[in-house]
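For reference, the structure discussed in these notes is given below.
Letters A, B, C and D name the chains as they come in the text, with residue numbers starting at 1 for each one.
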Amino acid sequence: MSANSFGRRLVMTCFGESHGKLVGVIVDGCPAGLKIDERDIQRELDKRRPGSTPYSTSRAEPDKAMIVSGILDGYTTGAPICIVVGNRDVDSKPYEVFRFKPRPGHADYPAYIRYGGFNDYRGGGRFSGRITVSFVAAGAVAKKLLETIGIEVYGHVCQIGEVSSRRLPTIDELRKVYENPVRCAIPELISGMEDILKRSVEEGDSIGSMVEAFAFNVPPGLGDPIFHGLDVDIASIMLAIPGVRALSIGLGFEAASMKGSDFIDPYTIVDGRVSQKSNRCGGILGGLSTGNPIHIRVSFRPPSTIGKRVETINLKTMTIDHIEAWGRYDPCIGIRALPVVEGCLAFVIADHCLNQGLIPAVISGESGRAT
Amino acid sequence: MSANSFGRRLVMTCFGESHGKLVGVIVDGCPAGLKIDERDIQRELDKRRPGSTPYSTSRAEPDKAMIVSGILDGYTTGAPICIVVGNRDVDSKPYEVFRFKPRPGHADYPAYIRYGGFNDYRGGGRFSGRITVSFVAAGAVAKKLLETIGIEVYGHVCQIGEVSSRRLPTIDELRKVYENPVRCAIPELISGMEDILKRSVEEGDSIGSMVEAFAFNVPPGLGDPIFHGLDVDIASIMLAIPGVRALSIGLGFEAASMKGSDFIDPYTIVDGRVSQKSNRCGGILGGLSTGNPIHIRVSFRPPSTIGKRVETINLKTMTIDHIEAWGRYDPCIGIRALPVVEGCLAFVIADHCLNQGLIPAVISGESGRAT
Amino acid sequence: MSANSFGRRLVMTCFGESHGKLVGVIVDGCPAGLKIDERDIQRELDKRRPGSTPYSTSRAEPDKAMIVSGILDGYTTGAPICIVVGNRDVDSKPYEVFRFKPRPGHADYPAYIRYGGFNDYRGGGRFSGRITVSFVAAGAVAKKLLETIGIEVYGHVCQIGEVSSRRLPTIDELRKVYENPVRCAIPELISGMEDILKRSVEEGDSIGSMVEAFAFNVPPGLGDPIFHGLDVDIASIMLAIPGVRALSIGLGFEAASMKGSDFIDPYTIVDGRVSQKSNRCGGILGGLSTGNPIHIRVSFRPPSTIGKRVETINLKTMTIDHIEAWGRYDPCIGIRALPVVEGCLAFVIADHCLNQGLIPAVISGESGRAT
Amino acid sequence: MSANSFGRRLVMTCFGESHGKLVGVIVDGCPAGLKIDERDIQRELDKRRPGSTPYSTSRAEPDKAMIVSGILDGYTTGAPICIVVGNRDVDSKPYEVFRFKPRPGHADYPAYIRYGGFNDYRGGGRFSGRITVSFVAAGAVAKKLLETIGIEVYGHVCQIGEVSSRRLPTIDELRKVYENPVRCAIPELISGMEDILKRSVEEGDSIGSMVEAFAFNVPPGLGDPIFHGLDVDIASIMLAIPGVRALSIGLGFEAASMKGSDFIDPYTIVDGRVSQKSNRCGGILGGLSTGNPIHIRVSFRPPSTIGKRVETINLKTMTIDHIEAWGRYDPCIGIRALPVVEGCLAFVIADHCLNQGLIPAVISGESGRAT
């Protein structure tokens, strides 16, 4: 299977490079009859677009989505949906310097070895964060699918540097998260986070972050066993996002220091339905959804591109060297990665919903086109 | 693709239930000519076997490996290798009680929904930790493959409850880890961990844990892009291990609070070869190995089976109920899960080595059988 | 993906060798709640068993099916179903002679190269027709699934040597096909076929054959586009049956010499439903079912094992050699391969029915086990 | 897995519709360092282009290949290669008539059912022969890969209507096949084939055809077992080509009427190497290559679009109707499908060569870019 493809029923195949002509994605397996157009894709892309937050790279990209196949008269046809986004503000010159001087913390060196030096080195090429445009576009399709059955996916930046909180946000807080510059749904954290970001920029440094995401209204029993548990597929796609270094489901890393009696979520009955009194398990047990919200966290490393002098080597001369102030970058990944995490979570859940027949093979018969 | 299968070139397909006839695994894609026999499998299974540590369930299983296909005269033939392990000490009676009373923290309830009540409920059925026998057996094959190219995989229990250390163990400490009862390679932590375990048993409670694993001598450039990065595949298989709730690569969750200048691993040259001055990235950048040891941690929840009264419900009567002291269990998952984590890590690396031709299609021509 | 696995939703993974301990199959993805037991498997295996027809090998195998996982109290649980069949009448001695003298027409020589001489050479090892036991067992599960939605699969031997007919059998003729020794549903062909078989045995020779199979009551619109069209998946599995050299859908090879106006199946309306006036397309257009019966033919080469002297070489000495009268064999593959073709056709159709939700994720809620 | 994807190591994912913006393909898994540019793709596309033979549709398409990712400075980078071809001469008007009047012999009716009427009906949409542009483009990449190890793929139209020959063409005849209007490598058949085609056009009818293809210099032992035998994968991709109704390996359908003693290819030694005295098995035994040329035939139905009145129905009114002279078409599929068959055969062989390490992960280190 293509290493650039993800999913079983709903499959995304992504392509394109940071400084190439475009980045794009094919979404295959989407049922026919889904009402969707370029604005639905654009709305999501706009959240990831450079400039969508004050704390982002100066690269100016309009990131206009173009659907080139799979949709006719505003409805999916059942054919593969190809969405492309052109690259505009490409400035590859600074990267000539780094061609044989691998940037520490980036994939430059292992990619040079892996591809015998043929890899596209401009702007990180295929290893750039820019490829997540594909994930967001695919996620936009997934979100439209989930909308048809009432599943909603939200996230926020729950930690920047040392600033975080144990409190979980409410769904109302989550719905407004794109209104604040750091995209944190816990209002009391925002100013602290901004302070850290400003200091980081001043120091020519970067800072780590954590994104937390939720899926609401997922019915119980969603997921496949063992190697395609809901948590397994979520882990798989999240680790594919550039910069992600850790993932947890519910109380994940905390679990290692907890007692069983404190961790177990007891069952009860609310309004005649099975419910859990707590959600430490993050809505997933044995790879299957419990009916509680899915709750995950992903940890982003600080961006590896910083304004400081860093030691590296020259691969041609095999001598020690250094680099400084290379290219344009974000001070913190999580802020612009938020819609990526949301899109990826939505994608996994939509894939499983299709797999178990919760979303039908044709979305609706009453469309104008079909009759 | 089967949800009970994992891998691309080296594929394991596992089957069997906790209280059924057996558990087993098929390993497909193994090159012909690998010298391996039942003792190689058994050595690994013995590490996972109940009774292999003082802190384990009282279920008595000899866990004898039987190879039923794919190996002839002590060498792999290139055909699928099927390994089975019988279930002996099966006591399903206690589980009748839980058939309609889902055990909190286990997969009972979502599995009941997912499979319409037809799932094997005895001992957790397919959701039992016993299925990791399959992972260990498959991992044993992978370890033999890695041995042919000098890659070694080791792990240890780096945290039980609050007891942990920031120090990483040496390879010599790791090699002796099965000699101590808690399988921690940091000697100064052992007695503290034992204290916690004893207290946990006394209280009829259980305790969380963390396993840390390493792969040494992995050459740089191993891994596929995006959805089959080394970290992605590792995350995928680790989350499939029952009880795992979080995974990190190198400094994973810590990364969220770090500065870029503190996180980046600068390059240098040692003995004429590219090297990194530190290994905060855990040996993986952009999904590709850097040449440094692969370093991961997985967090295990405390076992959900405890000796205390826990609230649950009755699915037939839809009334609130409770359960108490149900079945046999380990007080801490990580100890017996250690060989599972090691086997799974070895499996992913072997799969990628085959994928990139580091391990050839036929292991060796000088074997007795071939000439 | 494992080369020994087939299917997307319903996946079979087969294992075992001709002269090893057993042959077996794992069927994964079968919905929970399907009523099935060993007799359902056995009934199909008995059709393939040596001795089930007068024209078969003298190898005596009871071929007893044993279900070792995935079924509890007579219902599938949703877990992988593993079925094994032991090998009994194994006589590997004659094969020592052929170890370095590849039998012409068998896979011996390319397998020797492929696996560096480590392949199991006894009785053809993994390349033996005996592995089709796995296909029949998996097909038996598929047939039970199809039964729940009224789809029936039948086949017959439509050609042996030059004896064939242009007439298609009726469904009633097909239902009785296992009652006659050559398993041909066209009564007027039987004696001619028997004559050929007898002559073939007398001459120490073997004879080619053709199997024709049908699936009835397949609703229109079944199939996925392009690389998983119904015809594509059928072709894929059929060519995996040892001895198959050609496959056609409807009027397949005849189509090359026909005019469009003679080949097209015009539409009409019968009883208020869309129908086709003819079925030259074999019930599949564009990879999708038309609502007419699926109709395929597969051509089997004459068995390569014959009683005559055949030229070959010695791979150790690299000299010209010959072999004679090697091992036990059938004079004609099609007769015992009939249940294999049927099982494989049923498997593909069941996989697609699951894929499109025609068979639900849980078969039925009213089973005794679930309540 | 995406139904629009094919391959395991070398994977093509195709997209686009007949009357949409474009058709395209992503080729993933291609090693880095392969020298290739748009002219290599174009050369193959030109063979398939309408107008490339006198016997083709009047649709005028320049079919210009544009590579939009995966190639830098004339070499593959290891990233997914995306190739697109715009649609120009789109005339969708005639298809409005057929929207609810399914064209017999086309996928219109089953696609209408499968996709609930949302499928792109213009020019057959996703079911048009135009999608084979994707196959040819992917095949062009595969041919360049095979070139690096000396494997050559050729084919010709071996039958049109009743005109065919038992003689196999020589490699020199095959190399010149695009020079004659019917693309038949057997010179003595050409005028007969032209007669049939002319008559067919005069009568407003169409005619069936057969394409025969060969791969030369394939080393012995290429192929995976059972479900990914070389023949299995070839069958799979060939049946995915619109219009293919049958496939045979070597003497495929003839095998059903042959004796074993006439069918077996005896081994001998030529110039110190193992050889077969004949090639009735078409170069494949047990799914593995024998070292002889791979030899396959695929049967194409007569085009379903003809100039005559054909009965059909109206899906809205559910009444009997008819259609006449619908759209532009080729009188015979095989002629323009020849490069499609060649490309597909090349693709399967390249995939297997990568799988077994015959083509390395990086093509060459001496390229200008890498140093």
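One rule holds in what follows: a contact is a pair of C-beta atoms (placed from the backbone, for glycine too) under 8 Å apart; a residue touches a chain by one contact, two chains touch by 3 or more.
Computed from a predicted model, the values in this text were never measured in an experiment.
Student: Please identify each chain that touches subunit A as well as subunit B.
Tutor: Chains in contact with subunit A as well as subunit B: C, D.
Student: State the pair with the higher C-beta contact count; candidates are C-D and B-C.
Tutor: C-D
Student: Please compute the C-alpha centroid of subunit B, do the same for subunit C, then give the distance between them in whole Å.
Tutor: Measuring from centre to centre gives 38 Å for this pair.
Student: What is the distance, in whole Å, between the centres of subunit A and subunit C, each centre taken as the mean of its C-alpha atoms?
Tutor: That pair's centroid distance is 45 Å.
Student: In whole angstrom, what separates the CA-based centres of subunit C and subunit D?
Tutor: Inter-chain centre distance comes to 27 Å.
Student: Using the touch definition from the top, which residues of subunit D touch two or more other chains?
Tutor: 1, 3-5, 8, 14, 78-79, 114, 126, 225, 361
Student: Could you pull out which subunit A residues touch subunit B in their complex?
Tutor: Residues in contact with subunit B: 1, 3-6, 8, 14, 102, 104-107, 109-114, 126-127, 131, 159, 161-162, 164, 200, 205-210, 220-229, 231-240, 242, 245-253, 255-269, 272, 274, 276-277, 281-282, 285-291, 299-306, 308, 310-313, 315, 318-320.
Student: Given the complex with subunit B, which residues does subunit D contribute to the contact?
Tutor: 1, 8, 78-79, 225, 356-357, 360-361
Student: Help me check something: in the complex, which residues belonging to subunit D touch subunit A?
Tutor: 1-5, 8, 11, 13-17, 20-22, 24, 26, 28-29, 32-33, 68-70, 72, 75-80, 82, 84, 114-120, 122, 125-126, 316, 361-365, 367, 369-371
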